[in-house]
Amino acid sequence: MSIFDSALMFGDMAFEFTRTFGHKPFRLKEHLERLYASMKILRIDPGMTLEAMTTITHDVIERTAKGLDPNIDLQILHEVSRGILGPYKRAIDNERDANGPTVVIGAYPMDLHLAGFAPLYEEGLRAVIPPQRAIPAHLIDPKMKTRSRQHYQMANMQAAHVDPKAWAVLIDGDGFIAEGTGANVFVVVDGVLCTPERRNILRGVSRGVIFDLAARLGIDCLERNLEAYDIYNADEAFFTSTPFCIAGITHLDGLPIGSGTPGPIVKRLRDAWSELVGVDIAAQARWCANYVAAQG
Amino acid sequence: MSIFDSALMFGDMAFEFTRTFGHKPFRLKEHLERLYASMKILRIDPGMTLEAMTTITHDVIERTAKGLDPNIDLQILHEVSRGILGPYKRAIDNERDANGPTVVIGAYPMDLHLAGFAPLYEEGLRAVIPPQRAIPAHLIDPKMKTRSRQHYQMANMQAAHVDPKAWAVLIDGDGFIAEGTGANVFVVVDGVLCTPERRNILRGVSRGVIFDLAARLGIDCLERNLEAYDIYNADEAFFTSTPFCIAGITHLDGLPIGSGTPGPIVKRLRDAWSELVGVDIAAQARWCANYVAAQG
Amino acid sequence: MSIFDSALMFGDMAFEFTRTFGHKPFRLKEHLERLYASMKILRIDPGMTLEAMTTITHDVIERTAKGLDPNIDLQILHEVSRGILGPYKRAIDNERDANGPTVVIGAYPMDLHLAGFAPLYEEGLRAVIPPQRAIPAHLIDPKMKTRSRQHYQMANMQAAHVDPKAWAVLIDGDGFIAEGTGANVFVVVDGVLCTPERRNILRGVSRGVIFDLAARLGIDCLERNLEAYDIYNADEAFFTSTPFCIAGITHLDGLPIGSGTPGPIVKRLRDAWSELVGVDIAAQARWCANYVAAQG
Amino acid sequence: MSIFDSALMFGDMAFEFTRTFGHKPFRLKEHLERLYASMKILRIDPGMTLEAMTTITHDVIERTAKGLDPNIDLQILHEVSRGILGPYKRAIDNERDANGPTVVIGAYPMDLHLAGFAPLYEEGLRAVIPPQRAIPAHLIDPKMKTRSRQHYQMANMQAAHVDPKAWAVLIDGDGFIAEGTGANVFVVVDGVLCTPERRNILRGVSRGVIFDLAARLGIDCLERNLEAYDIYNADEAFFTSTPFCIAGITHLDGLPIGSGTPGPIVKRLRDAWSELVGVDIAAQARWCANYVAAQG
Amino acid sequence: MSIFDSALMFGDMAFEFTRTFGHKPFRLKEHLERLYASMKILRIDPGMTLEAMTTITHDVIERTAKGLDPNIDLQILHEVSRGILGPYKRAIDNERDANGPTVVIGAYPMDLHLAGFAPLYEEGLRAVIPPQRAIPAHLIDPKMKTRSRQHYQMANMQAAHVDPKAWAVLIDGDGFIAEGTGANVFVVVDGVLCTPERRNILRGVSRGVIFDLAARLGIDCLERNLEAYDIYNADEAFFTSTPFCIAGITHLDGLPIGSGTPGPIVKRLRDAWSELVGVDIAAQARWCANYVAAQG
Amino acid sequence: MSIFDSALMFGDMAFEFTRTFGHKPFRLKEHLERLYASMKILRIDPGMTLEAMTTITHDVIERTAKGLDPNIDLQILHEVSRGILGPYKRAIDNERDANGPTVVIGAYPMDLHLAGFAPLYEEGLRAVIPPQRAIPAHLIDPKMKTRSRQHYQMANMQAAHVDPKAWAVLIDGDGFIAEGTGANVFVVVDGVLCTPERRNILRGVSRGVIFDLAARLGIDCLERNLEAYDIYNADEAFFTSTPFCIAGITHLDGLPIGSGTPGPIVKRLRDAWSELVGVDIAAQARWCANYVAAQG
């Protein structure tokens, strides 16, 4: 990508990560609708309809999946920026004629990713609240998935200072739990699921899946303001995210949540998710871990 | 640049724009010191000392300037990201072996830019306070020049809705003037220069030049909290920025500042700047405007 | 009104606008209860009971409506200030003996207003989020309807700079949608009505009507925090207000909401409202537009 | 004034109070410049130049002062609103032809006011910090003197609940001292004058007089953030305001400031002020108190 | 307690007050669970399990209650600090060997307290919103019951300045009702109970009792943001707290709430509470008042 | 101290730590003036004048210092609370007659403390910005030195999670550096000393010493808003505090400040301080370290 692209000059690029299960895209429609919502507000015209982008995406998946082991699913990447910024066009001769938006539709095998997720399902993960605060949505809106995310990187580094394996959980300026740096947070209290209100967070597609699965399982699922206190004293807590779906948080700031191991409701939700997509999520990760190890 | 580079994934890249006057870099040391300060906090190791980067920069300038009309100065670009992010390395075969930071040191003729500045010096520019607020430095620090700047782009678009030629002036959450989207703001009141305190702004190298020139001209120059009210009722106001140096703001939100034309102190400062660098700034812009027009 | 009245000195006056349908006051009780709630907190004693004020109001309506075409409804104005401020009483001789509160109970034909609403029902209106923010209720409480509303006027002017016909929608310091400058905001998402929580807004009587009509029509209606993002991506959006009842918002900040025209649920609600009050709201506005045009 | 005037509908009216000393207006130029600054931002065109308004003002003073005892000075009132609001013009027949701004230039004897100030000079006054907070200038700017001041009235009432004779001192949301409800605050610490920074306050003309008098007396005078703590522990504190010039604050929240009586620097400043204007400020107040008592 | 104990050095001590009804502890489990939740976050290890502490508590109650009139219930105090701070241990010779946490488990007759509550049940109490604001939970979390509560004491004193018998009701920085200084707040509006959301408050055990009693009585009970406006205009309002259970608030800031006397729902709730615990709460208070009077 | 003392119930106790040099109290007057300022606002009457407390303090010092090696200086502790809270007095029989404030005036040898400071002078210390934010002064005022300091303890623990030897540096909600948890912060930039403005901090007596020493040494010393960025990029940074006087900060958040070792200006200031008090501060600490080691 050109260094004069608005994506690089301003972190000004809408994007989406989608994944497949069994080489079929999961909730592609939701992802692309969110992409088009982001572009609408960014006033970026991708030059194609959502339907056209869907068709191309299926084509890209098909070509990338060809010959791939069914255990190795794909990550799909959509990126659209407003393109090379006006005043810089001439400066770079080979791009003098560049016009309009930059559109990237890609896919690649996620065996390495999946391999890395295997321990998340078994052991869960430890989280830390770093000094970095979430950015209020009226300043940079996390609901618009763009590349201006330096603060996520800062939070990741700060979490690593406390514990090299810890994941960051951002709180906002009022002390409310916002989100991970690429994941949504849920807690389980007395059998009820709670997740932060929808303001200072990415309204994750996987977050929506949890609402659906909870309804299916007869578990109440509420949006409400949560604080560190609520996680410390929850029965269970977990992250959701497109690549790994759901993973238990066992500790926050070094304090055990519930038993300090992934809890039963996390497991029920992951099983229900596996059933929904026809792929045993944890088994696939183990397969990939073995596969990657065998590949050297 | 790879789409898996941290620069693109997180807008996580330190950068600097420097310019030349008469093909000599202006305040390169200040720019590189700021770049290294940004990298320190971002914990990006560029793999070379500031001195080594200076040497390379001079070399790049020399090669780019060769044969160029002395009226056409260069813009120099330094960009350093922490490189391609771990989990994605394998995904893209040709980058499998990529390691370490991404470092860009470039230069290109700025005739087009300079041509665009000609009317700024003669007519000044109109500014608008958009709804977008400046981001508090503890959330994303503008003093670290990175690419997470979606909010600047939003502010630019909002300003354009009011007046297609207007430039944005950001206020912070307390209503204090912060900065333009790539420029610092000054006002002149009763012969004294005032500019916002150094917190929610890029501490611009050009801003520092104004302090130096003011001292030379015997004009007091203060850092203090400024509000829209102070600009509306100032005698003069202006932007400073590396590419165009200094340009008068004639209107804010449609209200004339002082006489509604670039004022005498702006002119004195621009003349002093021209003298400092040995280039008549306004004349060079006019020359470039003619040159570009002639090129078609 | 005396220029030394507290209403003018401090914008310190409780007021209400009520309207008639078919020359009968609509929800007069709710309006007067809100007026008395405002006066309670402002510690203004109007010198008469709510019942007495109701009686006088009916009398004023009867006298004003006498001989008026039934299509021309009335706007009723209640205003109560604490009266002329102590230290100024003597200054103005003819008011030397003024004592106690200033109470205004008035009514006037709203043919001109109604005529102006005709296009709102057919074409809807365009809205803009201006830089002016809503004032937190603990500073000046919009739930108490007083005359300290300079910020509404600023917001109106700022909206007009972007688009001379645009209406302002205020967001608060957290970026949540508050209200218009004299109207409440609703969005329709997946068939559900949502409107901002009840803190930084006037708790409009018309807003309450929508809750009633929605219940009658079997449409869910929720109070929740809304952001610009939610309006940009809503299926429909609308304002409610005593004079015009309900009007579709077709664009926000230049972006179309849903189809970019008044939507079906807005129409259903207006029809239900017309039925409730026995006046075809849109038809009445068209009648008034013709009437005013005929009057020249 | 019409109840449909924007002054009443929105508290949307710029105004100034000026006073005379010896029947000569004091700092009229500063007051009118501030009035025109307010109108500029409110986008109200008064239909006359500052010079024309000055001439009229002198004329009004002359006519009002005719035959008045020289001890009875005048308060001059300037008020300009944008006039009767469009949609309401027709509604009130006798104002059908009203056009343009509403301009009030008035003057009246301030014997009653002055009489009331007599004890302020001798005993000083007690102040209280009420729950009501100052409004941030970016919401409603106190530097623009308008009539949207409900919060001042609320603060006055809250102060009276604590102590019927107490005056309110507003703090802002950060806990910094802002201003009285119509007066600026100063403290004296170790012989140095300090007053709040110029953001959330009216930049009082009398405040400016103190800077001038302090310079004349060789007393340092600083603008800085002040907190309740600083007043509680100051050597002296005082209010300044156009009508009463300067008055010592002896207590804050029931705690004595310094000796709990008006201090020596307040007295020095009042004497210097008296000398500046050729009127013994305290003596004039006592004369008026006697005069008013004699009038019954 | 040693003056070098962390409890005194930093107000760093978790504590709970529990009370008995008929000499049986009421909701001891909830109190101790909250105590252990506080200690978890404070990282204080009390050196005993919750079960062990329960056993000791019962023992303490039994010993204290022995011979006590059944009308005189007990207040039970649990306090745990991290003990004497390291650097100070040697300084005080007799504590040189002190190690580990300081644990206090105590009980004492509350006849004096109960006697003082008698008028609360009959006349209710008056409340005032003081200038002191509630502290956001992310700064000092009221959900962790510790001794860092200077702000409660400040609020109490400020309330007493307005009215010596008034109780303080804290609002937070957004103007939302938080809590009393040791009590939770409820309002009754149209037969529905509302109480502030669970963020900036102690999540009182008595507050939980009200939820239970309301469910039993078929009264809806909601958590929602409340403002002063909502209390001023409520039908009833009340405090809950462990020692006095429930007491009606009859006035806020001098304004009557509802009828200005304790309302019918407060009475129904107190009766239901009495039934739940087998003690007539109001009668017991009257008994104690007589008893204390008789004791002199 | 009684567990029913207000000091323990509310963290409601004013206190001061003073130290001696050569068994003479250092700046005792400043410490006691601050203590009396705290008590004034807390409305605690200690029952004795500042002069009486000074006399007693000298007496306590004399008695404690008797026979002590001159190298072992004393820490002096003043603590005043409003005493045992009313409703609890009777509960504890042996304190039934307790009345009035609790006053503690104590002194103890600080050999252990001083021994612990030895490495601070040689190696400096590492600091960390924890997630815990400073509390705004209008909520709990750090200028009043009281015991409600749970947040300091939380910050200390959070810092220790990152680095067991790290000290906490608190930033406030705006991201400005406030203070350490018991120490003030300074930076050195281009030979100038800067320290945070005086709002959200204890206005340390040692901080005042630095202003005096800087004046003596001809070094400029400014109060200004500082951010993490300013410390990361400073030439030197240091803490000041009554017990250890001055200690260099070598790292913040793992990043080296300047050379990453205590700098030359820190050393000059410590030497000047040693000269001022007639005690070689670093040598004394080494002596105490040896002494304590010898004691076992």
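Some notes on this structure:
For reference, chains read A, B, C, D, E and F in written order, and residue numbers begin at 1 within each chain.
In this text, contacts are C-beta pairs under 8 Å (C-beta built on N, C-alpha and C of every residue); 3 or more make two chains touch, one makes a residue touch a chain.
Small disclaimer: the values here were computed from a predicted structure and weren't measured.
Comparing contact pairs by residue number, the interface of A-E is reproduced by A-C among D-E, A-C or A-F, since over half of the pairs coincide.
Greatest centre-to-centre distance from subunit E is found for B, with centres as Cα means.
A separation of 57 Å divides the Cα centre of subunit B from that of subunit E.
Per-chain Cα centroids separate subunit B from subunit F by 43 Å. Centre to centre, using the average C-alpha position, subunit A and subunit B are separated by 34 Å.
Across the assembly, subunit B contributes 138-139, 144, 171 as residues in contact with two or more other chains.
Pairs of chains that satisfy the touch definition comprise A-B, A-C, A-E, A-F, B-C, B-D, B-F, C-D, C-E, D-E, D-F, E-F.
Residue ranges on subunit E touching subunit C, taken from their complex, read 171, 174-176, 225, 227-229, 232-233, 255. Against subunit E, in their complex, subunit D makes its touches with residues 129-131, 158, 161-162, 171, 173, 253-254. Per the touch definition, subunit B reaches subunit F in the complex via residues 37, 40-41, 136-139, 141, 143-144, 197, 199. By the touch criterion given at the top, residues 1-3, 6-13, 42-43, 75, 77, 79, 87, 90-92, 104, 106, 108-110, 112-113, 116, 132-133, 135, 138-140, 144, 146-153, 157 of subunit C touch subunit D in their complex.
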